[in-house]
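Following this message is one structure expressed as structure tokens.
Should a chain be cited, it is by its letter among A, B, C and D, assigned in written order, with residues numbered from 1 in that chain.
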Amino acid sequence: MADLGLYVFAAALLFGIGVYGLIVARHLMRKLFAINIMGNAIFILMVTAARPLDGAPDPVPQALVLTGIVIAVSATAFALALMVRLHRETGQVSLSADNESGGDDG
Amino acid sequence: MMALLLDGLIVLALVSLAVQAISGRSLFRGIIHFVVFGLTMALAWARIGAPDLAMAEAAIGAGLTGALMMVAYRRLVAQGDNHSPRAPAQKSRLAIPIAVGSGLLVGVIGLGALLADNPPGEAGLIVLETLPEYGLGNAITGVLLLFRGLDTLLEIAVLLTALLAARALAGTGDSSATARTQHPETPLVGALLAVVIPLTILVAVHLLRAGTHETGGAFQAGAVLAAAGVLLVLSGRVSRTDTAGPLVRLGILAGLSAFILIGLMPLLYGEALLTLPGMWSIYLIETAMMVSIAAALILLFADAGGLKRDRRG
Amino acid sequence: MTAEALSLIVFLPLLAACVIVAAPGLSALSVRLGLIPLPLLLLAPTLEVLDQGTYRMALAGHNSPLGIEWALDPLSLLMLWLNTGITILVSLHASYGFPPASEAGRRFWPLWLILFASMNALVLSADLFNLYVTLELVTLAAIGLITVEGKPLALRAGMRYLLLALLASLLYLLGVGLLYGQTGTLDLYLIAERIEISWLPVTALSLMIVGLLIKSAIFPLHAWLPAAHGNAPGPVSAILSAVVVKVSVYMIWRLWFWTAADWDLEAVALLLGLLGGAAILYGSLAALVQVRLKMIIAYSTVAQLGYLLLVFPLAGNLAFKAAVYQMLSHGLAKAAMFLAAANILHAIGTDRLRRLAGIDQRMPLDVFALALAGVSIMGLPPSGGFLAKWLFLEAAWEQQAWGWLVLVAFGGLLAAAYLFRVLAVVCLHPRRRLGQRSRRRSPTPASWAALLLAIGAILAGFFSAPVLDLITAGLPPGLGSR
Amino acid sequence: MMDVALPAVAVFLLLNLVAGMLRVYRGPTLADRMLAALLFSTTTVAILLLMAEWMAMPALRHVALLFVMLASILSLAFVGLPRDADEEDT
């Protein structure tokens, strides 16, 4: 098995990059990249936070991460559909526009 | 020494790909970088010693997420999104401090957890201990289906919900979504399909079967199957329809409903909810889940309510 | 019996959702089958809890260090009743806006039933990771419902909600991973026994709580709520405000009072209380300046959620009862308000306040429901909201926490201010003309659904004894004595 | 001997990957990027197979198999993309 410390380091960097992207990026798809990258960082930490058994990572966190990956892709798929529809309705692919409380037909 | 170099290179690639995906100039390149990031992530999982995760990440995290992103990008372009390639970044002076701070926090937490002198996870030990009783070789499949089945059941429900919610979005509003591009029949694509499709199905079934004793499982197999479906959609062999035919509906629901019905069965003879009655039920549920995952992902990709075979195919 | 009933409470609505997708022709029937039996199914668990106190079941026959367990105690039982009762009444309303047999209904009902089932599953679960999965299911189904009509404002609100919710889940998930690494289990009661307090578990707990605070829209992490709740279809707004945001507060309570029962975290408790106080003030003031009825109600939710956090600094028997009671009565009242607002919006075509003058003559039932629910939100006797706030005042008085006492009282005044503003416009302008806007009428049962919920919120003030007894029976460890 | 040689080859292949990344970055045409991305999957398959041998983890061969399947599909997905959107950036 690899030196896990290095991967924890990677996770920290990736999480920071994801946070930066989430704040800075305008385009919704980039925000989704950012969230997925943060998710990967957290998945790494979940596996490394548990002590390995028999030289391999603990199977329980691995199973949790597997579930997490499927949930992440489901949420991403829905977010993409939402983004496409939002663009079709408003011509925008970012959330920067305001006046959310306006609108007559609520 | 070489191992360290290898890990270092993987980490370096991960970080630079992440930076590129987020801050690169063009969105299209961002998607490519994100996909390659996912592939590199799979290498990282392999190095960490988690081949199941490597496979899931490659198939679902990189492959299908990437395909979904590309098709969404294509729809944006078709809808006339012309500022996306150069979307300017928001200016925020706080962004860098917050990012550095949260990265540091996560690093400290991660190192703290790595270095903490914990006993090995008791749940994990129980898995390794009791798994042979069930005749399963893959601990992760065991956790997903035998020991923590509810998580898996609800996870399929999450996928179904995402599909239903996305369909609801496409179903309202105008009909521009139904306009499709023509697919000219090209000889190379036809030849490729003739080889690839049977192979994919073979690989999917192999992965599914392998899931009980070694790396693999319903999710990975479903992703491979979905990839085959995506290929058929892209090449125009299968075309989208607005409503699902009975077969497609069955496919979408097979996983969740089979899991629920089999999970409720033990209540009839006084056992605990979701106790799986035998190996046959594991195979049945896994197959149904594979079909559902594939169906849901293909429909999400095609932005379609249903699918039908094109006459040419 | 109980095991069977609890299994069906979760799986019956899910199966009904499957049937609607599989056979749209059966949708009216399966909506009924997925909802109406639920109160009956709840009887067995209720008797069990009244009799035994707590009921635990290990799913798949694997109990806790590894397997997932469901734990039914008085608090989760109350949450099940809250969810079931409100969902069924709101469904009555929704069956007019989204007829099950229609195209819109076929999009709406599967998500609705999944949302219902997932909240039941969440309330029952005693497993940190399973809670994560159920919470994701709740969130995705909820956002799917917000955007189901495809209106631009709702789409944007849903997108913002989704991004924040994903971020929140990641924080929660990181905490779960850390706690598993520390304890080798995911059972939230077992973790409480095993954990040794150090910086790592405290960090994990904080991450999870921050994630859940985002999901429950506690000030200053509330930014997504008003737009999402104010622009969703009427029944969806009702269920979002009444139950969906509550389940993540419920999770915070579970983590705080059960998993971290023995930790001494007074500073964090004070901080959470201050956030709650800020939410009360900010939400109420923001509600005062809104121009749309649904936005007023949505900001009112931000304010009323703040009360639920006062239980942390005032930790004790009385405060806990007050917070649970606030959760129940606010659920009823807020669902009633949103349904009434949906009826008004449907009939008038807008919910801008200045165009609602004089509708009390045309829509007496809805305005009455709005007013009754308002009584409970303001905390006027004899409503359930009054009782909750009274208990808060009593708790603050007993601990001589004058600051909190003033805050609770002042919050009630502010609520009165923003609600009377609404009622004044609606009832006291007889001279304004309604003009051509009186096109549509809401079906009477839709109004009755709102009225029934509002009456429930009032009755909660009268028939409080059994509920309070139940809460007392289910007080968290350590709080019972104080 | 093999313990050094196998990771060394893997490192070499990874360096190849980095070179390919440069091509994705610089383009200039869509086809260049697509070919580079294809190179990724091929190289990754090789790395995974090396790792399977070196880390004594035969399961990684399954992962490699899956990579092969996905590569062909991703490449087709690339082909289906519109031309007008991205060619202006060189």
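The rule is simple: a residue touches a chain if its C-beta (ideal position, glycine included) is under 8 Å from a C-beta of that chain, and two chains touch if they have at least 3 such contacts.
What you see is a predicted model, and the numbers here were worked out from it, not measured in a lab.
The interface with the greater number of C-beta contacts, when A-B is set against A-C, is A-B.
Inter-chain centre distance (chain A to chain B, centres taken as mean C-alpha positions): 14 Å.
Averaged C-alpha coordinates put the centre of chain A at 26 Å from the centre of chain C. Centre to centre, using the average C-alpha position, chain B and chain D are separated by 19 Å.
Chain geometry summary: the mean Cα position of chain B and that of chain C are 32 Å apart.
Within chain D, residues 55 each touch two or more of the remaining chains. With touch defined as above, residues shared between interfaces to two or more other chains in chain A number as follows: 1, 45, 47, 49-51, 60-61, 64, 67, 71, 74-75, 78, 82-83, 85, 89.
Shared contact sites, meaning residues of chain B that touch two or more other chains, fall at 3, 47, 49, 52, 73, 106, 109, 113, 118-121, 123-125, 127, 143, 148, 151, 155, 158, 161-162, 165, 169, 173. By the definition given earlier, chain contacts exist for A-B, A-C, B-C, B-D. Here chain C touches chain B in the complex through residues 3-4, 7, 11, 14-15, 18, 21-22, 57-62, 65-68, 103, 107-108, 110-111, 114, 117-118, 121, 125, 127, 129-130, 133-134, 136-137, 140-141, 143-145, 147-150, 155, 174, 177-178, 180-186, 199-200, 203-204, going by the rule given at the top.
Those residues of chain D whose C-beta lies close enough to touch chain B in the complex are 4, 7-8, 10-11, 14-15, 17-18, 21, 24-25, 33, 37, 40-41, 44, 47-48, 51, 55, 57-60, 62-63, 65-67, 69-70, 72-74, 76-82, 84-86, 88-89.
Chain A meets chain C in the complex at residues 22, 28, 31, 35, 38-39, 42, 45-47, 49-51, 60-61, 64, 67-68, 71, 74-75, 78-79, 82-83, 85-86, 89-90, 95, 97, 100-106.
If you check the complex, the residues on chain B that touch chain A are 3-4, 7-8, 11, 14-15, 18-19, 21-23, 27, 30-31, 34, 37, 41, 44, 47-50, 52-53, 56-57, 60-61, 64-65, 68-69, 72-73, 75-76, 79-81, 83-84, 87-90, 92, 94-96, 98-100, 102-104, 106-107, 109-111, 113-114, 118-121, 123-125, 127-128, 139-140, 142-144, 148, 151-152, 155, 158-159, 161-163, 165-166, 169-170, 173-174, 176-177, 217, 219, 293, 297, 300, 303. Residue ranges on chain B touching chain C, taken from their complex, read 106, 109, 112-113, 116, 118-127, 143, 146-151, 154-155, 157-158, 160-162, 164-165, 167-169, 171-173, 249-250, 252-253, 256-257, 260, 263-264, 267, 271-276.
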